[in-house]
Amino acid sequence: MRLSAVKPVSRVLARELAVTALLLAGVSVVVFAILYFAPGNPLHALGVREAEGMASTWPGQYAAWFGRVLQGDFGHSVRTGLPVLPELARVGLNTLCLTLGALALTAAIALPIAVHAAARGDTPGNTAATMAAYVLSAVPVFWFGYIVVYVSIHLFGMFPLISGTATKQQHAWLYSLVPILVLGTASGTLAEMIRHLREELSRVLAEDYIRTARAKGAAVWRHAFKEGFLIPVTEIMSAKIPFLLGGAVIVEQVFNWPGMGRMAWQAAQDRDFPVIMGIALAAAAFVRLGSLAQRVVFTAVNPRASKE
Amino acid sequence: MFLSIENLRTYFYSRSRRAFVRSVDGASLGVARGETLGVVGESGSGKTVAALSAAGLVAGSPGVIGGRIEFDSRNLLEGLERYVKVEERDGRVMAAEKDEGGWRKHAESLMRRVRGKEIAMIFQNPRAALNPYSTVGAQLVEAIRLHTNHKSKAEAKERALHWLERVRIDSPRLRFDNFSFGMSGGMCQRAMIAMALCAEPSLLIADEPTTGLDATIQARIVELLGELKAETGITTMLISHDISVIRRLSDRIAVMYAGTVVETGAAAEVLRPRAAEQHPYTAALLASVPSAETIRSKSALQAIEGEVPDTIEQPRGCRFYGRCNRVTDAVRSRCANLEPPLAEAAPGHKLRCWLHAA
Amino acid sequence: MRRYVQAQDLSRLPLLQRADVLDLVYVGYGLAVLALVLTSYLAGAFGWLPHDPRAIDVALINAAPFTPGHLLGTDFLGRDLQARLILGIQAYFLPGLLAIAISLSGGCVLGVLAGYRGGPLETLVTYFANLVDSFPRLVLILLVIAAFKPDIYYIMVVVGITGMPAIANLVAGKIAFLRQKSFIEAAHALGLPAHSVILKHILWLNCRSVLVIQATLGMAEAILIETSLSYLGFGVQEPTPSWGNMVQAGANYFLQGNFWPSTAPALAILATILGFQLLGDGLNNTLEGKRRR
């Protein structure tokens, strides 16, 4: 990026940050509203009391609650009594790895099929691949997980159900790949990813400026890369993060993976409000961060964006 | 002939209508070295598709299915018969089989050294034709480094600026760093001309270079093209539906209608109003252009009756029959049933018309 | 080698012939699934089951399909799988319809507000859409479950609400498209009242195929959510069958090599979600006409 573009780009990015902040505020309002209307007054459990010198109206309670959240006080788990945020931070990383790894895997499967279909049209090969992707997208991920577990136990002698605990086996890190494999293939987003990437790439390849590049004898891929490849890939990946987080909840159950998803499940069982609230906030924050990252890429690549 | 297109057939298959769109249906024309051939015709006449076929840029199925394109004594469609099988009935193509992947690979190897370097092409709607994600300068430099000996970035930039000056763009140094969306249509077209010519090609194909631009800008671009033509002596195939542009720049003219060439000849001869040897379509085209005289005499605008035929359903016989206002009883049955050949009516002047055939 | 044949008769071709073969296959399969789900739902609702789904038959544990008397075999307690699968549809069908109804009606309202009026309303709707999209559905549902009852209808209300932005976007997009074609301007110039323009012309005439497609996709989504939740132990509890809890219950047996009790419901989930998704996509390609090479 040239220096002359830096200043307007930073202005656009500042606006994106403001939008993200606004959305996160909205997220906090939604979470607060759910807690506020919940029977059993969970807000008390979080220690937000009327006697705190604030009015007992809901804006007052919201302010008190949000203030604590911003300071990192997510309350204490009803079940374990431990403070929520440090626990979340500990397991959040595991979920992050799982989610991002699975996202990368899904993209890695979708890309070749989409690119081939966009460049060559419908061939028996990519039609079959697309149909297989449809089937994979409809497979219940938990059952697929069982199949993979069964195969890995009986064919490879790996026991990926016990992960996160210190194992004496040499290739312990390999076990962590299995949940990523499962979530990456059966997250349910594969077919849509292929469709989006293929559509966008086809659209760009039909653009006038690609025709000019061909007429010039230039490498078409270099010209089509930004609009036909980079932007659609980042777009669809950031859009699918929420879906993959949802899938992570299930996959963490199947593999007993020590992550946010399993913690959420436990919290829902136990009515552990601080924990589930913290997870909801963290998950939404992660989604918005992903979206922000995508906007950064878009602005960096698109000269038009920095002109606004 | 430096570029010679013989009996070119480029079809597109419409799945929804289960029929061929016969965009170019047996067109033949030629450009001699150093001259400018103006190809004129209405929308749908096939002139753009013919140009794209010459440059190997046809996208769509099945695309080019027959003919010969000779460029500098090389056949650019060499080997096409091996990849295409055509079934005809009564002279009309009813089915076609084409190994598109195979032909694409083969055509790439034929066109790789030609496209951009020896044959350059400019398009209408210049702002859309430039990459909006890349500066004008970068796109010029790319062309220069690809096709000339100036491989270093610094050298290429110098050449690019030189060419931007040559196309009389204002503030070349500024424009070098501009993006296409920040420039007017006229400037984008100048930039595209620079990008095409900086590779020093021997043939320039210009597809409607002035269409879509403001009238005053159009005149400037035409002027520029004329100047560049005089300076470089480049061979040009100029496509336009605008007769004034064709008139100003062409040495020879080919008139296209419904996918075929109906008249070719020297510009002065083809465009001569009310000439004896003239295709009825050309005559009607010329008559439809309002002139100072028609405005002064306040006479009605002369439109051509009827509509351009749907290139899907091809009637037998002459394609212009039905709109032709010069048909006589003597030739009527032939016009209705048999397509006339493109025959020489005078030295260097060919017509596809039963009125002028021997 | 691709072959192109000119049709002999170039008269108007009906929709069926113009559609891609593959899309017709998709739609056919989807309609078959829909029909099966509907009839099975009714059978389950009226209790027309081949067996009592709770009847334990210790003698016939883990019977394979096509065992006499049990078309689809039995589970680890000898209960007839066919009956249980049919009954399992009850868990998601009506709730799914609720979710669809909510997202379609809410989405249309939001889409019309954003597209028709535009301006600050559009910004607001966009904000709401982005807000809703920030939550992973399952996490939001778990939060709601923790706060309120794990009642499937509550949950489907949440699913319905989270489905509104997508539909709002589609409707707003259609309106923008029609506006660009001066369609709306023309309708106003003709003096048509606003509610007629919106209800009849925009929504019914122009959006109905898109909305039907979203309904099918919405059902697929509902099935996914309900089965995931009952797998996780929320929603329908044993011994009442739900496809999700059936897979979970059979999990241990699966890992021991007894695949069928888990696999039968999983295949049901797969086939049904696939059916609704293919129906939606097939209809989309045929009716909304994205041309492919």
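Order of writing sets the chain letters: A, B and C. Residues in each chain are counted from 1.
Definition applied: a contact is a pair of C-beta atoms (placed from the backbone, for glycine too) under 8 Å apart; a residue touches a chain by one contact, two chains touch by 3 or more.
Note that the structure is a prediction, hence the values are computed from the model and not measured.
Undergrad: If you connect every pair of chains that touch, what shape comes out? Choose line, ring, star, complete or other.
TA: complete
Undergrad: Please identify the chain with the largest separation between its CA centroid and the CA centroid of chain C.
TA: Farthest chain from chain C, going by C-alpha centroids: B.
Undergrad: Using mean CA coordinates as chain centres, what's the gap between chain A and chain C in Å?
TA: 23
Undergrad: Can you give the whole-Å distance between the Cα centres of chain B and chain C?
TA: Roughly 51 Å, centre to centre.
Undergrad: Where in chain B do residues touch two or more other chains at once?
TA: 61 - these are the residues of chain B that touch more than one other chain.
Undergrad: Which residues does chain C have that touch at least 2 chains other than itself?
TA: 293
Undergrad: Could you say which residues in chain A touch two or more other chains, in rising order?
TA: Counting only residues that touch two or more other chains, chain A contributes 121.
Undergrad: Can you tell me which positions in chain B touch chain C when the two form their complex?
TA: Spelled out, the residues of chain B in touch with chain C are 13, 15-20, 61-62, 93-100, 312-313.
Undergrad: Which residues of chain B touch chain A in their complex?
TA: Spelled out, the residues of chain B in touch with chain A are 55, 57, 59, 61, 101, 112, 115-117, 120-121, 123, 125, 128-135, 142-143, 146-147, 177, 179, 181-182, 192, 195-196, 199.
Undergrad: For a test of understanding, state which residues of chain A touch chain C in their complex under the given definition.
TA: For chain A paired with chain C, touching residues are 22-24, 26-27, 30-31, 34-35, 37-39, 42, 121-122, 127, 134-135, 137-140, 142-143, 146, 149-150, 153, 188, 191, 199, 239, 241-243, 245-246, 249-250, 253, 264-265, 267-269, 271-273, 276-277, 279-280, 283-284, 287-288, 291.
Undergrad: Would you mind writing out the residues of chain C in touch with chain B in their complex?
TA: Residues 1-7, 10, 13, 17-18, 20, 291, 293.
Undergrad: Could you list, by residue number, the parts of chain C that touch chain A in their complex?
TA: On the chain C side, the touching residues are 22, 127, 130-131, 133-140, 142-148, 150, 220, 224, 227-228, 231-234, 244, 247-248, 251, 254-255, 262-263, 266, 269-271, 273-274, 277-278, 281, 290, 292-293.
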